[in-house]
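Heads up, the next two complexes both have subunit A, just with different partners, subunit B and then subunit C.
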Partner chain A sequence: MLFTSYSFMIFVAVTFCLYYVCPKKWQWAILLGASYFFYFMAGRTYLIYILVTTVSTYLAARQMDARKERAEQAYALQKDSLDKEGRKALKAKQKKGITRVFLACLILNIGILAVVKYTNFMIANINGIAKAFGGDGTLSFVDLVLPMGISFYTFQSVAYLIDVYHGKYPAQKHLGKFALFVAFFPQLVQGPISRYNELSESLFALHSFDKQNIAYGLERILWGYFKKMVIADRMLVAVKVLIAEPETYYGSFAFVGMLFYALELYADFTGGIDITIGVAQLFGVKVAENFRRPYFSKNIKEYWKRWHISMGTWFTDYIFYPVSVSKPFRKLNKFAREHFGDHVGKRLPVYLSSFVVWLLTGIWHGASWNFIAWGLGNYVVIMISEELEPLYHRFHKRFHVAGTLPWKLFQVIRTVLIMSCLRMFDCYRDVPLTFQMFGSMFARPNLSALTGEAFLGLGLGVTDYIILAAGALVLFAVSMIQRAGSVRTKIASCSFPVRMVIWWGLFFIVLLFGAYSIGYNESQFIYNQF
Partner chain B sequence: MAVETTEINHITGEMSGLACKPAKRFGFIKYLAVFLIVTVLFAFLQQLLMPKYMHGIVEGAMIAEYYQEEKDHNVIFVGDCELYENISPAVLWEEYGINSYIRGSAQQLIWQSYYLMEETLKYEHPEVMVFNVLSMKYDVPQNEAYNRMTLDGMRWSMSKVRDIQASMTEEESFAEYVFPILRYHSRITQLEQDDVTYLFRKDPVTFNGYYMRVDVKAAENVPTGRPLGDYRFGDNAYKYLEMMAQLCEKEGVELVLVKAPSLYPYWYDEWDEQMVQFAKDHDLKYYNLLNVTDEMGLDFSQDTYDGGLHLNLSGAEKMAHYFGKILQEDCGVTSRRGEEKLEKAWEEKIAAYEAEIARQEANLKE
Partner chain C sequence: MRDELLEILQDLHEDIDFETADNLIDGKILDSFDIVTLVGELCDTFDIEITADEMVPENFQNLEAILALITRKSEED
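After this line comes the complex of A and B, so read on.
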């Protein structure tokens, strides 16, 4: 059931009616039923995987809480009879039991994700290595089901487990409500990776029919459809042609493809998240924002704080910080300071933690080398940018351009171009080919090939390009307005006729200019595959 | 004093109630106005974007044309291009007094023919329904474009709903039949003059369902059929043929099966045998007109406009001449000559028919 399918719209409408017609105390159950139905429709066997994750995480979290409670009681009874060392030993012993439960659940869930997502990738690599050393390399691939959105719900559950383990909040006692947190259908397809403490309040609250909230939700859904159907799915036609024929579309066309893909990905992913947030809002549920005008970032570091925010913060909170402060890294820090001085000593653990983060980010995106190369590419760019910091300072001391509009523009364009270059790994899905195409932009630019006729050969007509240009302009304009405050609030403050013209105008634009139905390939959201 | 305050409160309360009512009413009215404007705009755009089929591929306009007819026919032909291009109702009227209509469209599949029969029988009660059996060769939905040409023109009824469900290919969606704008929205960038000219009206493209062509392209080197692995018609096709037989029996209408005299697509002897057997089993009449082309006087160097696939005007008139006799003598279809209203209607139709012949011939000469 694609977000852009009629069946999804009907499904949401039916769920919406049931949600507000039935007694409020059953609202969570309606959402859970709808979420499992949605997931069941995506694949019958998928439910087994999500149920295993749900039940195991629920039981582990409850078990950890129960053990903590028992430990606290035991500690309170025994602490007076123990000296400092004894108390420490008791606490360590108690923690060990909790940690065992925690690790068992963590390994189970990460293990499921690893097995279904990475087994064949590992087999392919083992075969490759075996062949390189003269072996047969004939290990056969395994026919495994990759459940939709498994990376998203696994990460969400793991975050919950870690937070409960660290005592950030108590475990959810209600299995049904916890199941809803894991499976809440709007975010099951492509995230965001919500945090329990942020989502649970509005997810489990009793909601009345709130006209304003529902209007906002519908508005957001419509905006998402505009991005996805008018821009992303139309751009997809040309991107597909450009990627499929690298021997024809190299040099300047590789550059064009890179920019087209950047626009397509942005419209696709942010459009999907808009639909997610909008649908959630229809049910009164507040899902966290996942983007903050990322293409306005001045550098890559900032970009990653504004693009796929929930994934970035997940890796920062649950990988970067724990790795940075882990025992081996602390030792490494000490060692580096002693042997290489403060400058290196301070940076080495951070750089190594970042390396781990970006390696895992790449792997999380997909089981193939292009994603790993993409992750590491980001790492390299960020590290270079960090190392060049003193140089920037010297430059700005000498030339007083910082803060000026041309300099800001330069920064924004630079960031977009660097990110787009890195996205070529994602685009071509082949590491050597990506390097080849990147090189061709400089070595064989073939500028004369960039004719109007050649553009029309990409499967789009003149009107399609006009629609795309207008769509991109609208995206840009909305982003600009957003800098000065919420666009929705601005629309809400308009008079009734103006509001109606904006809403219904957008509706008819999506209806008439959307790339859907027969003739356009029904395309899944790009991030759905992760 | 207390009484006065209460009274004042009561009065102001009523007044505020009165003040509220118009505001609420206005709120309702403005939403109603938006609803009406959006609905009208939606309907207008849908009408604008629907293909008009007035020139070029006119087959898409045929099914809807039936609803403009006076529904009082003796004979209804139901089938694909082998009917709507191969037999002239004007000749059937002129020579036999048979008031007939062809409910056909391009690649009309058997279930589509069945539901058109079902729908037709809700409007009128003919003496005979003639079904062309070529579509028995298709057992599953085939092509969205052809589906559209048949289904978009049908009026909404349960027959249409069931027809859509039976016809949809995997890529199609029922919602797009309910709201065709969802299917045709991309035409917004391809609108033509016809889309405006025929926004609220349609010109007839057939003569009682007959699509006329006067040009000639002789049949040469018509390919024979390639051997098939399995000659048996599919179960689904049989199911609908069976349903046709039952429907006609129930309604007291004689069902006649024909194979029109088109040389291609190839009609296998094995297929013919199955139709003969079916007709025998169900006590129906079946005429394979391919076997009587000489008797009909068909000359495939002159009587076809596309090398033997379809007959041209000359061929269609010969077939009408031949088949009219069958309808009258074998099936007992009555002549309705002398019915004043019908005579008058046909007089106008035949004038238009002849004008079209003259127009096409003049075009050919040019």
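After this line comes the complex of A and C, so read on.
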């Protein structure tokens, strides 16, 4: 049941009616039932996986809280009879038990994700290595189910588990409500990876029918459909052709493909998240924003704070910080500062932790080398820009361009181009081919091939290109308006006839210009596969 | 505790008067590399555990804020 299918729209409408017609105390149960139905329709066996994650995380968190409570009582009784060292030893002993529960649950859930997602990738690599050393390399692949959205709900559950372990908030006592947090259907497919303390309040609250909220939700859904169906799915047609025939579409066409893919991915992913946030809003649930106009970023570091925000903060909070201040890294920091000086000493643990983060970010996106190369490509670019910082300072001291419009434009274009280049790994899904195509942009630009006729050979007509150009302009204009505040608030402040024109206008644009006719098969969202 | 902390901070930037500096993060005196090093030193020296949630600018803006963080964590641990 894809977000863009009629069945999804009917499903949301039915859930919506039940949600507001039934007594409010059942609202969480209706959302949970709807979420499991949605997941069941995606794949019958998927439910088993999500239930294992839900129940194991719920029980582990409850067990950790119970142990903490018992530990606190025991500590209060014994602390007066113990000296400082004794108290410390007691606390350490108590923590050991809690850590054991935590680790068991963590290993189980990460283990499930690793097995279903990466087993065949490992087998392929083992076969490759065996063949390289003269072996047979005939290990057979395993037929495993990869449940939809497993990376998203596993990361969301793991974040909850870690937070409860650190005592950030108490464990949820209600199994049903916790199950809803894990499986809430609008965000099950492609995130965002919500934090329990941010989502739970509005998810479990009792909601009355709020016209304003529902109107905002519908607007957001419509905006998402516009991005996905009018822009992303149309652009996809040309991108597919460009990727499928690299021997024909190299050089300047590789560059065009790179930019087309940048637009497609942006419209696809942000459109999907718009639908997620909008659908959640219909039920009064506030899902965190996952994008903040990423293509307006001044550099890659900033870009990653504005693109897929929930994933970036997840890796920062649960991988980068814990790894960079872990005992081995602290030792490394000291060792490097003593032996190589402060400059290297301070950087080494941070760069190594970043390496781990980007390697995992790549692997998280998919079990293949192109995603690993993409992750490490991001790492290299960020490290280089970090090391070039003194050079930038000298440049800006000499030339007073910082803050000027041409410089800002240069920074934005640079960010878009660098990110688009890196995404070629994602596009071609083949590391050597990606390098070849990247090289061809400079070695064999073949500019003369960029004719109108060639563009029409990509599966799109003149009208499609006009729609795409207009769509991209609308995206740009809305982003510009957003800089001064919420677009929806601005629309809400307009008179009723103007609002009607905007809503119905957008509705008919989606209806008329959605990419239904060009080989339309309700194309999946790109991030569904992660 | 105060003297030990001052020594750690002075090791990071000997040219800064940490007794009076009030904007270590906003003033970009401590960068992300310094913070990771500082947190590592605090964990080792004061035998505390600082989580990602606590690695926020408010906890490192000046000497008093860092001292408050250490005190809080020592009491918790």
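Note that in this section the second predicted complex is superposed on the first by the 528 of 530 C-alpha atoms of A that agree within 3 Å, B and C clash if a C-alpha of one lies under 4 Å from a C-alpha of the other, contacts with A are read in each partner's own complex, and residues count from 1 in each chain.
Criterion: a contact is a pair of C-beta atoms (placed from the backbone, for glycine too) under 8 Å apart; a residue touches a chain by one contact, two chains touch by 3 or more.
Please read all numbers here as calculations on a predicted model, not as lab measurements.
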item	value
Combined model on subunit A: subunit C and subunit B, fit or clash	fit
More subunit A residues in contact [subunit B versus subunit C]	C
Which superposed partner A:V325 touches (first subunit B, second subunit C, both, neither)	second
Touching partner for A:K24 - first (subunit B), second (subunit C), both, neither	neither
Partner chain in contact with A:K168 - subunit B first, subunit C second, else both or neither	second
Partner chain(s) touched by A:L511 [first = subunit B, second = subunit C, both, neither]	first
Subunit B versus subunit C as contact partner of A:V350, first or second or both or neither	second
Closest approach of subunit C to subunit B (Cα atoms, Å)	49
On subunit A, positions contacted by subunit B and by subunit C	none
Residues of subunit A touching subunit B in the complex	6, 461, 463-464, 496, 500, 504, 508, 511-520
Subunit A - residues contacting subunit C, complex	91, 166, 168, 316-318, 320-322, 324-325, 329-330, 333-334, 337, 342, 345-347, 349-350, 353
Subunit C residues touching subunit A - in the complex, by the definition given at the top	12, 32-34, 36-37, 39-41, 43-44, 50-53, 55, 77
Contact set on subunit B toward subunit A in their complex	30, 34, 38, 41, 45, 144, 171-173, 175-176, 181-183, 185-186, 188-189
